[in-house]
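A quick write-up on the structure given underneath.
Note that the chains take the letters A, B, C and D in the order they are written out, and that residue 1 is the start of every chain.
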Amino acid sequence: MASFEELSQAVFEGDEAQVVELTKSLLSGGADPLEVINRGLIAGMERVGVLFKNNEMFVPEVLMSARAMNAGVEVIKQSQRAFDMPSIGKIVLGTVKGDLHDIGKNLVGMMLESAGFTVYNLGVDIDPDKFVEAVKKYQPDIVAMSALLTTTMMNMKSTIDALVAAGLRERVKVIVGGAPISQDFANEIGADGYAPDAASATELCRRLLE
Amino acid sequence: MDYKPVKTFSELAVKSLDDFVYGIAPHPVKAKNGMVIGAGTVYPEINMTLPPMNIEESTMPEVRRQYAEMIEGILKRAKDLYAPGLIVELELLPETTMKPEWGIEINKILRDKMHEYEDKYGLKSLLRCTPNDTREILRPPLMKRGELLENMLITFEKCAEEGADILSIESTGGKEVHDEALVTCNIRKAIFALGVLGVRDMRFLWSNIVRIAERTGAIAGGDTACGFANTALALAEQGMIPRVFAAVDRVATIPRSLVAFEMGAIGPDKDCGYEGPYMKAIAGIPISMEGKTAACAHLSAIGNIAACVCDMWSNESVQNVKLLSAPAPVVSTEQLIYDCRLMNEAAADGRSFALKMRDWLAASDSRLDPQAYVLRPDIVLEISQELVKEKDAFVATKKAAALAVEVIKRGLARGEVQVSPREKKWLDIISTQIDTIPDDGEKFWYEIQKELDLKKWRPEEYDLEVTHA
Amino acid sequence: MDYKPVKTFSELAVKSLDDFVYGIAPHPVKAKNGMVIGAGTVYPEINMTLPPMNIEESTMPEVRRQYAEMIEGILKRAKDLYAPGLIVELELLPETTMKPEWGIEINKILRDKMHEYEDKYGLKSLLRCTPNDTREILRPPLMKRGELLENMLITFEKCAEEGADILSIESTGGKEVHDEALVTCNIRKAIFALGVLGVRDMRFLWSNIVRIAERTGAIAGGDTACGFANTALALAEQGMIPRVFAAVDRVATIPRSLVAFEMGAIGPDKDCGYEGPYMKAIAGIPISMEGKTAACAHLSAIGNIAACVCDMWSNESVQNVKLLSAPAPVVSTEQLIYDCRLMNEAAADGRSFALKMRDWLAASDSRLDPQAYVLRPDIVLEISQELVKEKDAFVATKKAAALAVEVIKRGLARGEVQVSPREKKWLDIISTQIDTIPDDGEKFWYEIQKELDLKKWRPEEYDLEVTHA
Amino acid sequence: MASFEELSQAVFEGDEAQVVELTKSLLSGGADPLEVINRGLIAGMERVGVLFKNNEMFVPEVLMSARAMNAGVEVIKQSQRAFDMPSIGKIVLGTVKGDLHDIGKNLVGMMLESAGFTVYNLGVDIDPDKFVEAVKKYQPDIVAMSALLTTTMMNMKSTIDALVAAGLRERVKVIVGGAPISQDFANEIGADGYAPDAASATELCRRLLE
């Protein structure tokens, strides 16, 4: 039978075919699906996350690992009846109103998903009301906002205000990021956290949900 | 409406490496007030933007106050430092483009004050107005119709009528595809985005801008691959994608950015288009560039080399925040003026010294990063020389990418440029990807349409028909 | 305690104009980690400070976080841009000097991270620690005794023990008198403040700093006339006082700032001392200078010329505020590195090209402002040559001022420098004032004491006795 | 008899002897002391203020004019019994706690005095409490604060807070200035005005007392 180690390595290397094969082998060998996910697939992605954070892996390489991991998850889903993917937390993600910047936010989404979070990516140019709606609908643990313009970053505050007005602020943590954002600004608008890049966003979310 | 190019470039405007230098362009541009760009002097181009704030009816008084404060500070500093002239760029924001009256008003605040300084103190200046390409606000965007486009064109026209000297834009045709290409480092998609979508959209857009310029007496400046290769540059700087990918992507933007000049634009090219040296080499137009003194707007590996053949030197953009000495736009103005003084002083000693300065600027960066290497003046001429042989913009784009890989590999072999070990394999990956691209645009479109997410953009806006089921 | 100079300079260390160039000092300084300043390479010196905030027990966690964030960003950028080395200056604030444990703690945060980058990535760096001259907090100040002085010296000693490589200060002896001299443009009082009070105080202070450096193995760097001639520069830049006054005042600081080296300091001199080129010419020590890239801290008319003969190139100081690209200290780091790259690249082409670069830097500013003119390398050597003939610091100060007026008048006559019409008469006013100063220091003190406000400073702290009733 | 015009010109030129002589001549010719002050002395200083604001006069030149004007005022004071100098407003001025910068603040004081304000210059390193005391003692119209350090500028806020706590905030206008200060910062801390330089500080104070 294949080892969790090997599976983790295949995820790390972004070898989709290998991941599929090893996952099947583990399952047919009687391994617990949850263990395959945690000790194999997610363990591989965790190594990826560390290297990515240290600037030792490129995004396309991370994406290949993520794709390989997802292929493994698919195998598990198909092999099990009524299998629920474990999630370490739910996150609503979006670029604020007036701002069309997509790439950074999507990277954050991708890194979070790979780390085991469930991500609801609302897209760009998201009204405060839309954030409120999404919080009602998805009951997330965290709302993550992105802004790249000095003329839209104040909409982070508007969104927090809207959450307060809707009585939802206490139910979620709010984190912010993007080129013009700083820890000071995050403090100023009453956010719970700030991450300077996609790699640290994952860490931040983990920390906030501890 | 016909989007046929009015000019084609089948040979280089710059005839030799010794003619390729800062301050001098084969086809200088003369403005109404007598300032000439590309005729011997490098001028500072200053850009400024608002500090963190919303733009809406209720904040417009503050918006006006901010711009008035910024332009006064900038002009006062330029006067006090005896700037030989100045270009001010107004990069409008989405809000001030969608609502033309706001953009027009800001345009006027700047222009009036600039005229005042010209009249009172003899400080000559030009206003470059750069409306925001607001078409991308609608998702998927309408590129050739709709209210967003209409208001954008009104902003162009009215700002020009109200005294904007130079018109520019950071156009976004093909950006949705290119964004995806970047994070996956897929050069096929990047080439399609630039060489097919970008080229087609710029033909449409620039035929409009050139017409507006002709009608209003403004100067049709140029475009920039900002949303494309500068995103690549920023991602590379953050360690997100390989620097070699960003370098190849930069070179692949050349045929796209050149479209502005094929459609009748005459420069100065837009500051943030780091492909500018290629525009100057091929089209002979004067260019604005930005480097170390634009570090306030983005960090880069090309802080010095960007200046080698510039005719204007820019800070890209800086917020109106207070630094210890003065508001940041004033600080940038001072820095740009000193940078220009040094280049102009060396040039005043004779062409051979301008070339020396150029070569030091180049050598100081080119060895350290492939993105810098592909901006080395001799490399620019070498690649440009090959590109002007191609009539088809898509084929030229593919060729540009291939040449970039080839040149970087050669530079690596010769020890002229360093590439980190884990980037080297990417040169081969990119090369292999390029080889899969057919030389026929139709065929490429047929192939690639199934690889693309057609929910994110509208092929019909680029006159492309979806042929797959 | 004896405050006798341990060295005197009766001839120039720099023997000819061709030996007077950036990157090379007659007496290079070698640090513990092997970095050598003044031996061929110009290094960036980055300085950073806190954004608007109070410093008190309750905010110290945030103060620590700020410094940690700044140093990490600076070092990461320096590494990513392959800086050949880096100097980090920690200019302590009054609060972090008066309470030595705070300064020591911040000093350690920086030094530890710098060591980490040296060990991990091979990025060599030096820490310059500059405690605040807190003696002026008490009014009138105690210069040679009291708790403020004691804590300042403790800060020096402990920071040096904890790894600060270079010790510096912006000493303030005589500042009360000089402040008044500035707003009234009274060169008599300025010369007294610099040539009598400043010199006497620096002898006392630097005998202490040199001793601390010897005890701890740190390098005694140098002082700066920041509180004096830089205040003049800032006032001139705001149009408050004539530029010619600021230029003369600058030259008059030379004997004062030289005291550090007479007392045993060995450089690198402090960045904001624009009199640095004179220090290098006379004492041969390497110098740090700042110009256009310090525009974030103060605007000036000497943005390029300041670099002519520098061995380190500094941004003076920048707050940790976020710009569009990155925090401002990171932006400054990038700009300094590119500036240094260019200078070093020209020098790599041979001494004659370094001299060319030097001369362009000089020529680009020297014609436009008398403050720039007195920094022209040939003028620096000319004036220095005269000053080393004087044994008495006070007489040298008077002579320096007189020479400055003379040189500016001559430059004006030769068309080498421009001076605005309403400033010209000030050259005569200053000249007339200088002529009233006796050549005997005792006599001068006797004369001037009735013109001075003795409630603002304590003559006994400078070993001066009030002889008037 | 000398004319107001001539007196004003003598002040403008900073000619102290001439000012003394002309003032005496005007008074002995029966001119109203208040008119001598307003149409002669202060009128001259107003011209100085305009040129100073336009960077066409240096501080030492302004000081000479101010000294000349004061000499004229002295002549009037000595010639009249129980003469009260007219004041267009009272201003308490100081550099905030922790900050030792003197020059800019003193320039402001000098310009204000020359414009006819009564100035109480508290000095440097002034505690919020000291400002409060001074407001109680001098009953000024305006409190003017200066700061040159980013680490002391927050003490402007503390001083405003102290005025609020003492119930004095409504009774005075507060203005701020100094290198790191901006209009934004002034708004943020609730000051009534901000002046970028000494020359505009006078204008600002005039405007606030209109």
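FYI, a contact is a pair of C-beta atoms (placed from the backbone, for glycine too) under 8 Å apart; a residue touches a chain by one contact, two chains touch by 3 or more.
What you see is a predicted model, and the numbers here were worked out from it, not measured in a lab.
Participant: Which contact partners do subunit C and subunit D have in common?
Facilitator: For subunit C paired with subunit D, the chains in contact with each are B, in label order.
Participant: Distance from the CA centroid of subunit B to that of subunit C, rounded to the nearest Å?
Facilitator: 40
Participant: Using mean CA coordinates as chain centres, what's the subunit A-subunit D distance in Å?
Facilitator: About 60 Å separates the centre of subunit A from that of subunit D.
Participant: Hey, how far is the Cα centre of subunit B from the one of subunit D, in Å?
Facilitator: Each chain's C-alpha centroid was found; their separation is 51 Å.
Participant: Would you mind pulling out the distance in Å between where the CA atoms of subunit A average out and where those of subunit B do?
Facilitator: 34
Participant: Multi-chain contacts only, two chains or more: what residues does subunit D have there?
Facilitator: Residues 150, 180, 185 of subunit D each touch two or more of the other chains.
Participant: Note the residues in subunit B that touch 2 or more other chains, in rising order.
Facilitator: Within subunit B, residues 49, 51, 319, 324-325 contact more than one other chain.
Participant: Is the chain-to-chain touch network here best called a line, a ring, a star, complete, or other?
Facilitator: Here the contact pattern is something else, fitting no line, ring, star or complete shape.
Participant: Looking at the whole structure, which two-chain pairs count as touching?
Facilitator: Touching chain pairs, listed by label, come out as A-B, A-C, B-C, B-D, C-D.
Participant: Show which residues of subunit C lie in contact with subunit B when the two form their complex.
Facilitator: 49, 77, 80-82, 237, 291-293, 295-299, 301, 303-304, 317-319, 321, 323-326, 328, 330-331, 334-335, 337-339, 341-342, 344-346, 349, 353, 356-357, 360-361, 363-365, 368
Participant: Which bits of subunit B are touching subunit A when the two form their complex?
Facilitator: The touching residues are 49-55, 93-95, 136-137, 139, 179, 182-186, 231, 235, 238-242, 319, 422, 426.
Participant: What residues on subunit B touch subunit D, complex-wise?
Facilitator: Listed in rising order, the residues are 51, 65, 69, 322, 324-325, 327.
Participant: Write out the stretch or stretches of subunit D touching subunit B in their complex.
Facilitator: 150, 179-185
Participant: Under the definition above, what is the set of subunit A residues touching subunit B in their complex?
Facilitator: Listed in rising order, the residues are 55-56, 58-60, 63, 98, 100, 102-103, 106-107, 123-125, 149-155, 158, 180, 185, 197-198.
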